[in-house]
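The chains carry the letters A, B, C and D, assigned in the order they are written, with residues numbered from 1 in each.
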Amino acid sequence: MITLTHYLVLSALIFVLGLFAVLTRRNGVAILMGIELMLNAANINLVAFNKFVAPGAMQGQVFALIVITLAACEAAVGLALVLAAYRGLETIYLDEINLMKW
Amino acid sequence: MLLDWGYVAVFAIVGSGMVALPLLVIWLISPRSAYPQKLETYESGVPTIGQAWSQFNVRYYLFSLVFVVFDVEIIYLYPWAVVARQLGPFAFYEILIFLVILTLGLVYAWRKGALEWV
Amino acid sequence: MPWYLELLRAIGGTIVIFSGVAIVAAMFGVLLERKISAWIHSRLGPTHVGPRGLLQTVADTIKLIQKENIVPQNADYKIFASAVLIVPLAALLDYVVIPFGQTRWGPLIFRDLNIGVLFFAATSSLVVVGILMAGWGSNNKYALLGGLRSAAQMVSYEIPMALALITVAMLAGSLSTVTIVNAQSHLWYIVAQPIAFLIFVIAATAEVNRVPFDLVEAESELVAGYFSEYSGMRFALFQLGEYGEMFAMAAMAVTLFLGGWHGPHLLPPVLWFVIKLYALIFVFMWVRWTYPRFRIDQLLNFSWKVLIPVALANLVVTAFFVMVVHP
Amino acid sequence: MIGEAIAFYMLAAITLLSGVVVVSSPNIVHSAVALVPAFLGVTGIYILLNAEFVAGVQVLIYAGAITVLILFVIMLTEGGTGLRLQQRNEQGTIGAVVAAAVAALLIAGATRTVWTPQPGTLATYTPGAIGQSFLGTNLLAFEGTSVVLLVSLIGAIIIARKED
């Protein structure tokens, strides 16, 4: 029997994978991929809560759709930033983009 | 409903098997006689120069960018379309506002030349 | 029904659809294309193998099975090899939601999904990933350029196609393909929505990379585009994907606009479906051998500056009639 | 029920294994391609949760659009030229510790809380229910997303275009 807890644990594991990518990857695109994984984990939670906790409502799925939208916007703008950084600084390794550090 | 998707899952799994099957067959029976010239990357017969994995023009990105935004817009139109008949006139103006705002995006991209292949 | 019978039914249906598409769409489609091109060029086409050359593609397939599978030294093997699986599989997944006809026991469809039309759009968008993988994995300049061009073109034409799908879904009030076909028992949607039909057919031609939108495989510039480096059976699987996708697009156009299996009761419904399907395929091939190829800037301009505005306007006008005039 | 459990564990395995490839592959293109099975696994999870429409959107947007965008950017920036560069920064250990701690916290929270379900039944036809919801209760969010999309389109075009 698959319960809400199963889905929550799965989503926690996916979230942590994304978090690990964000913390340890040097490549800007890879960090964005980690963020996409984290957003997916959040979406699993939203849809699972919709089914198990509030089956009469539609809010969980509606929220998941809005999160997907924001993920697409985030990917578009984030990848544009990566491109701009590549054009200006000729690197997409974020630890090499340190002009503003001191 | 889950039964429907069970069918789709079987279709995907059996389908991948059926696509992989001919590959397995030729892996067993196809001749193998490789030599360096044959394994070279095809470049119209002249020796290959460098790798193909190099940088490409940014114009591809602008198109896929506008595509992503419009693709996301379209997913909101599917659920609206199936209930359009039941919703009546007021919802028409709601969706009109939605479409007008996004058409502004298309107009902006057009005017800024993001849709030009230069 | 017990679960093992359901499972057997699903497996049987899959095998029937896969072999059906492989034989009817890929093998017969290639032969048809060669015969029609010959007819348009006033040639004879293949004549030697079998009666009037009917077995030509069978011979070709046997030849391809015997060929060596070459993986270029510089290629990225994992991506190179998995792209071959993705492209035909994504193309064939389209057939899940296509209703082929009507029988006494219900519509002849693999499975009537609630989100049928969206499923179609989603699976056909997966082809783009496969093509990019093929282009990148080959590590060949022609292949990569072809793959990038193909991806840019396919994503551009996905938008007008989806807008046309939505217009039809709005008229029928459902995303299920069977409901859409049933809603056309009196009036085919090509009559109500001629503009959406045109947009769909043009976008479908572009999605399957056919002339006049074939600069992905522009032989004179890019050899064979993203599958330049593929040989033997892998090449055959790409052909299966391409022709499978073309037949799926045509079948979807028949389902959405030409009334699916509906027709006068002289012939069984399945036959009506097949007749309409082949009529549309003939139009695709006719166009291919008649028109020259677009330039890439013309091609992208045509989608973004003509098709999308027209499709949006068409959608708004239809919505106005559906929601305000006849609510 | 058994079928549901089998499907869940298979989908979870697909998602997590491809997630591990995404996170750990030294080749950025392999990471991007491994995103596709990860997204498809999540799609299957949505279907198990009776969210058909969200599942369709997941394939269309994530697998069909965002992955393509990511692959484009990889090819437009370093392509395969960065293959031999080090992909991981010096925070590998501390990152693993933080990730493990967060995982422990989340899993403990998820397993120890008792969720009380509210009465009601899931909508049978999700696209229709979502449409009703977007043009009724959630109208503001619906119109808001159009503004967000417009703004992100304009912003991304400004950032990505060459200055001329």
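In the analysis below, a contact is a pair of C-beta atoms (placed from the backbone, for glycine too) under 8 Å apart; a residue touches a chain by one contact, two chains touch by 3 or more.
What you see is a predicted model; the values in this text were computed from it and never measured.
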Task: Identity of the most central chain, Cα criterion - done: B
- [ ] With contacts defined as at the top, give the pair, B-D or C-D, that has more of them.
- [x] B-D
Task: Distance between chain centroids, defined by C-alpha means - chain B, chain D (Å) - done: 17
Task: For chain C paired with chain D, centre-to-centre distance based on mean C-alpha positions, whole Å - done: 28
Task: chain A-chain D separation of Cα centroids, rounded to whole Å - done: 6
Open item on the list: For chain A versus chain C, what separation do you get between their C-alpha means, in angstrom?
Closed with: 33
Task: Junction residues of chain C, two or more chains touched - done: 113-115, 118, 136, 139, 144, 148, 151, 155, 158, 175
Task: Residues of chain A touching at least two other chains - done: 65, 68-69, 72-73, 75-76, 79-80, 83, 87
Open item on the list: Among all residues of chain D, which ones touch two or more of the remaining chains?
Closed with: 3-4, 48, 50, 52-53, 57, 60-61, 64-66, 68-69, 72-73, 75-78, 80, 126-127, 130, 132, 134, 145, 149, 152-153, 156-157, 160, 162
TODO: Just say which it is for the chain contacts: an open line, a closed ring, a star, complete, or other.
DONE: other
TODO: Can you identify all of the chain pairs that touch?
DONE: A-B, A-D, B-C, B-D, C-D
Open item on the list: Please output the residues of chain B touching chain C within their complex, sorted ascending.
Closed with: 1, 3-8, 10-12, 14-16, 18-20, 22-23, 25-27, 29-34, 36, 38-44, 48, 51-53, 56, 60, 63-64, 66-67, 70-71, 74, 77-78, 81-89, 91-92, 95-96, 99, 103, 106, 110, 115-117
Task: Contact footprint of chain B on chain A as seen in their complex - done: 65, 68-69, 72-73, 75-76, 79-80, 83, 87
Task: Sites on chain B touched by chain D in the complex - done: 1-2, 5-6, 9, 51, 53-58, 60-62, 64-69, 71-73, 75-76, 78-84, 86-87, 91, 94-95, 97-98, 101-102, 104-105, 108-109, 112-114
Open item on the list: Give the list of chain D residues in touch with chain B in this complex.
Closed with: 3-4, 7, 44, 47-48, 50, 52-53, 57, 60-61, 64-66, 68-69, 72-73, 75-81, 83, 124, 127-128, 130-132, 134-135, 139, 142-143, 145-147, 149-150, 152-154, 156-157, 160-162
TODO: Could you pull out which chain D residues touch chain A in their complex?
DONE: 1, 4-5, 8, 12, 15-16, 19-20, 22-23, 28, 31-32, 35, 38-39, 42, 45-46, 48-51, 53-54, 57-58, 61-62, 65-66, 69-70, 73-74, 76-78, 82, 85-89, 91-92, 94-96, 98-100, 102-103, 106-107, 110-111, 115-123, 126, 129-130, 132-134, 137-138, 141, 145, 148-149, 152-153, 155-157, 159-160, 162
